[in-house]
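Following this line, the structures themselves.
In the two complexes that follow, chain A is the common piece, with chain B as its partner first and chain C second.
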Partner chain A sequence: MQELVKKAKELIESKEVDLLIGYQSDGEKGAKPLFVKNTQQAEKLIFNQYCLNNLVTYLKRPDVKALKKVAVVAKGCDIRSFVMLLSENQVSRDAIFIIGMTCDHVVSPDGTGENEKCTTCKVHNPHLADVVLGAPVPEKIAKDKPVHYAQLEKLNAMSQEERWAFWQEELSRCIRCYACRQACPLCYCERCIVDFNTPQWIDTRSNPRGNFAWNIVRALHLAGRCINCGECERVCPANIPLMLLNQSLQEEAQEKFAWEAGYDPESQPPLTTFRKEDDEDFIR
Partner chain B sequence: MAEYYITQSKMTALLKELASDSGMEVFGPVKKGNDVFISKMDGKTELCLDYFISVNSIKEAIFPRFEPILKYKLRSEGVELAELPPIKPLVVFGGHPCDAASIPLMKDLFSWDYKDHFYLQRLEKVVIITLACVEKDENCFCTSLGGSPHGETGSDILLERVSKDGWQAKIVSEKGKKFIETHLDFFRDTITPEKGIPKLQDKDIPVMFQSDRVKKWIEKNFDHPLWEEVASNCWSCAACTYVCPTCHCFDITDDATMWEGVRTKNWDACTLPFFTKHASGHNPRSQSYERYRQRISHKYSYYIDLFNHVSCTGCGRCSRVCKAGVNILDIVKRIDEESKKGEK
Partner chain C sequence: MARIGVFVCWCGSNIAETVEVSKVAEVSKSIPGVVYSVDYKYMCSDPGQELVKNAIKEYKLTGVVVASCSPRMHEKTFRKAALEAGLNPYMLEMANIREQCSWVHNNMDEGTQKSIDLVRMMVEKVKRNKPLDDISIPVTKKAMVIGGGVTGIQAALDIASGGIPVVLVEKESSIGGKMSALDETFPTLDCSQCILTPKMVEVAQHPLVQIISYAEIEKLEGFVGNFKATIRKKARYVDVDACTGCGTCWQKCPVKVDSEFEQGLGKRKAIFIPFPQAIPSRPRIDAENCLKLTKDRCGICEKVCPTKAIHYDDKDEFMEVEVGAIVVATGYKIMPVSAFPEYGGGQYPDVVTSLQFERMVCASGPTLGDLKRPSDGKLPETVVFVKCVGSRDPEHYHSYCSKICCMYVAKQTMLYRHKVHHGNCYVFYIDVRSNGKNYEEFVRRAQEQEGAQYIRGRVSSIYKDGDDMVVEGADTLTNSQIKVKCDLVVLATAMEAPDGIKQLAQKLGIGYDQHGFLTEAHPKLRPVETATAGIFLAGCALSPRDIPDSVSEGSAAAAKVLGLLSKDTLDKEGVVAIVNELTCVGCQNCIRVCPYNAIELKDICNRQGELQRQVAHVNPGLCTGCGTCTPSCPSRSIELQGFRDTELYAEINALAEL
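This part shows the complex of A and B:
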């Protein structure tokens, strides 16, 4: 990873960026975020298949936003969330230096084998970056091939009652720690809906009503926006399969609007725009 | 004194029997994915007895995630208070000595300036059955805080593994004694201790810092750049505090319609950005490292001033759940090193 360390040192030394966010190793089979402000810290930078964190999430933080320019190490999937931040006017392109890493795959959250999300990845090679590091990786899926998540089939095959029971059981473990929200690069509201408390909009108790309200509202707020980085599910201390909700809505967006989030910064997300040619068969 | 033993199958049967009784609340280890959670059981719950440590602590059995503290109805004659659910006798099985060690700490807090009778009543009614440790990982540091992998503090019964299939039950408290006597049938077997059953000694978890030295440094270094360095990657969720056996902050919320309402005590966390936000919009802890500094300073300094004990048992749960890579042991060790440098 000499290339990465070299580039980082260059950016820091030249004062082109005030901060660089990358990865450092965390034990033999692990990696964790690293905030780099000097060349000595840059020595610790790594990139490998254990670099699961989507570091773009730190760009939403007020103290990071306040800096003049920030560099971030990002995989193609992470860059998709950056593209969404751009098209939603949450970051200024000039304020961020993207160090794009080519990536064949990362490991699954439990460290065994290939991560499920990599099997549907169309951006092993970063599609938007200021510099791309690493050898090119052959893309396995055509850009225009619709997404399909196999794990949804089991859920879709269930009856309504079975699905209700399934989610009741899964969401009962939610402790409302909001790790999903904090890790999500696209949950950037300055004041989250659960923090509106005069009156309380969403029940903050981790009872069935509160947990359903919270998790469904979050999923709906990500409809047509979620880029499948899988961070919410990975960071959930209660092991709730949150990506089932998000992927289900991704497929909806694909089917209804031929839309996949995070590829083209020029295009407008379906829920922030109006097009006459959209069929409106859902309005009855 | 008589020796008591219990096999795994008898323990499972006992817990299931107790959990079938609607007059009781029983918590035990349940597997979900690759992890185990201390969960509320019913008569049908599948227990998992083969695990290293649960993700959550036993905290939520005694200090629930949310709990009604007041219910009322408005009548033309005035306000009528409604009954709260009764606090039932509890059995909590499956924590380790680092879970149980939190009990006296939490008791000090909840019986301090205000006597929290919800917590204190549960504490009176709970029987805590703890498993002495046979495994550890790199996040364990109970011995650095006076704990032990076979420590008895806070438990009513301590189970020490003697065979692949069973434990020797050590009575720690009067409540524990009564529990065993009441359910003597389950504790009658004699198990001959097998060879090769792993047992963790104190020396297996070396002491890694001195908490008094850590406190000294924290007192003098509120503005030290180290805080930002070690905790800037914290993304400010509450996973660490909610799995922590000793984090105890809560919020009070009201849920009301025109004619009735319920007031609830609800877990809250100093690591969440909204926790200290003022009505004016100002936030005295506006940055994530400032919030994390509060978490550490409360545990390793302010709490000692009040109760003469570090409010951390060294269970390592916060580090295990943190996917942002914030590691409490690394941070406290760093602080200890800085403090040592200052002493020279």
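This part shows the complex of A and C:
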């Protein structure tokens, strides 16, 4: 971690950045976010396979946006969300210094074994960064399908009624805390649709109608944008398998548009692309 | 307090047969806010409209629901009536109880109930409607015509005669199009150039027409009345203002290449004008063949030019023009012989296209009208014409009929016989289509008086036998295989959309069909309009046509342009999108999906002028009210006026609460 601490001190000392966002130990095995403003704080920086948080999500906050320049410690998968923020006009490239960390894998949210998302990772070595730290990781042949949850396949195999019952059961636990939204790097709306009350499209009560509406709208708003970081599911206090929703939409985006979010800042998400030469063969 | 009036129409028996209209009117009275309701036989009739107007005044209505036909039919009618009675027209809504109800149901009870539901929905909506103002946009009184064939020339002349300035943009270095290459024209056999060149001169001399030749459209922005076109003036290497067209340069240029104008049958120089009557009569350098530009040798033209008009360092230039309307008259091209392997695929010089034949018999052609076959210069004693080559053949080539080949082949047989009185000429045909004024008589003259021998059938192959060409085919009238030995074969190849037309259509935002021909807004009722307001079509750009049709359409498109540009402003509906700048996060979703490029990012700065954030901003002049943007916004920060969330939600709720 010497390199990381050294680089952080350098950035802070030279006043190149006003704030550095990284990881510190949570006192046990795990890691939690650290906000570095002076060199002393920089000493606490760590990076290891317990660094699960996607710190890019802090870049959407107005108080962070107001700073001139911010550095953020990010894994390749986190950088995919930065790429999305770039292409959606939410950050200015010049205002962010990315410390890319090479990463073989992180642990799964319960702290045991390799995280599922790492088995399909194509960016063990960050694809966009101002500096890359850590020893290069040999790129593995990632599974080509983003969907690896055996459960998704099981879900797809279910009848419509069974699936409905499954989700009714799962979503009934939602307490409408919106932690999923707050943790998501791409849920950056100034006013989320669920807070829109003229009219109130989405029932805010924690009842089946409201919970379905909320979770489906959230998933659809991330369709073709979600970069599979898994933060929403990790933070959900009700243990709702939100990644099942996200990943089934990722699968659609890949099948229908050959699209994977967060690799190329120049390309545009398929659902908000309008091309005159589009065949429009879905309009009959 | 809302005071709503409901007006239920019978539409004669159209609605009244399936909907109990008096009951609909009666039940409407119980909807909260409704203070008046009535049914009437024809609400759109004058007395019907009076009924609406009087009620608005008498009952001091704040909103009106007319339950009748589709808003596409009579929304304008009733909104105008509302305005005349002093009510903002956008406070009137229509419940469609005809197309969406009586015409699709046949049970009186169901029809009546559904009508009541539809009325209830619209009452709830209109209660929440906000008065809107129409938007008035200024109009640029100038037009652009793209394509300088006979169609474009006619359109430009007619627009200019109406007092509107025109920019005529032509891809080649001269205007004139295909007609300038034709010999004599059916059905009157007048010389093509003799009737075209006066028009070319007239358009060139017209004070209101600006011809921009050797140029193409690079980009088009804006909307009806307010287009901004960027035109690429391709590098010509000749200063057209300094050049006097004296011709010294092209006489002295040592390079000879096949002339496109002569269809490859004659030669031109590397600096050239395509034909003597070219307008503008200014040459251009063909950069691919010029020795100076390819090998940095020669440079003769620069030396001999008396006015120093040659510039080897010339570059493409861009100019912007603002126009209110556009006519697209980009014409056609014909398929080359090389496209037909069964007919030699271009390996036999004596198999030519019909356009090549025009040049071979033309007095101004490469042989000055002396008919000689390309291979050895021999006078062709026997000529075979093959029609429908590449046309009417959906399996191999085009499904459509090129429409005019029947006529020009008849013409060409005559032109041939006028040159070679003793010559034989055969025409292979599938049908003879001659349905124009004096056309049938013309074809009969070719057959009966001028000795053209028509053989009904398709040609299967063409090959060479010694000095002769052999055409093999079936005679479907006698059901026999025949072989004709001849000196020359003329293929009436299909007319196709010209190169680059799809790209042009995409730049202009207009449609084209599977063949690349541009599509009209309605084939019968709006034949020279496109679906994009302010852009019109004419001539062979739409599909194959002859000169009379092309010219008529040029005039028709010009009439449309003059009609549009006769007003100082265009009024458009106030139904446009508006952004909530407090909640917009500038994600650009709406910007990317707007088909009309009506949305831009706008900077929000603090008092010190420092950029705080960016939000979307809709240009109301460009917005067509299509509504594509609204669902793309995750945070519902962009709303279409007249279709705001509160209005639509109330409509849906009115239905859901039953």
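What we mean here is this: the second predicted complex is superposed on the first by the 264 of 284 C-alpha atoms of A that agree within 3 Å, B and C clash if a C-alpha of one lies under 4 Å from a C-alpha of the other, contacts with A are read in each partner's own complex, and residues count from 1 in each chain.
Note that contacts are C-beta pairs under 8 Å (C-beta built on N, C-alpha and C of every residue); 3 or more make two chains touch, one makes a residue touch a chain.
Predicted model only: the values in this text are computed from it and were never measured.
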* Fit-or-clash call for chain B and chain C when the two complexes are aligned on chain A -> fit
* To do: Using the touch definition from the top, say if A:188 reaches chain B (first), chain C (second), both or neither.
  => second
* Tell me which partner A:176 touches in the superposition: chain B (first), chain C (second), both or neither. => first
* Asked: Thinking of the overlay built on chain A, is A:272 touched by chain B (first), by chain C (second), by both, or by neither?
  -> second
* To do: Pick one for A:234: touches chain B only (first), chain C only (second), both, or neither.
  => first
* Structure fact -> The chain contacting more residues of chain A, comparing chain B with chain C, is B
* Asked: Between chain B (first) and chain C (second), which does A:139 come into contact with in this model arrangement: first, second, both, or neither?
  -> neither
* Looking at the overlay, does A:201 come into contact with chain B only (first), chain C only (second), both, or neither? -> second
* Structure fact -> Rounded to the nearest 10, the angle in degrees at the CA centre of chain A toward chain B and chain C equals 130
* Contacts of A:162 with chain B and chain C, given as first, second, both or neither -> neither
* To do: State the minimum pairwise Cα distance, in Å, between chain B and chain C in the overlaid complexes.
  => 5
* In the superposed arrangement, what residues of chain A touch both chain B and chain C? -> 191-192
* Within the complex, which stretch of chain B touches chain A? -> 32-35, 37, 39, 55-56, 65-66, 138, 229, 232-233, 235-239, 241-243, 251, 253-255, 264, 266-267, 269, 272, 274, 277, 286-288, 321, 323-325
* To do: Mind listing the chain A positions that touch chain C in their complex?
  => 65, 88-90, 188-193, 196, 198-199, 201, 221, 268, 272-274, 276-277
* Structure fact -> Contacts from chain C onto chain A in the complex sit at residues 506, 509, 582-589, 592-595, 601, 613-614, 628, 632, 634-637, 645-646, 649-650
* **chain B-touching residues of chain A, taken from the complex the two chains share** => 26-27, 32-35, 52-53, 57-58, 61-63, 110, 173, 175-179, 181-183, 191-192, 195, 197, 200, 203-207, 210, 231, 234-235, 237-239
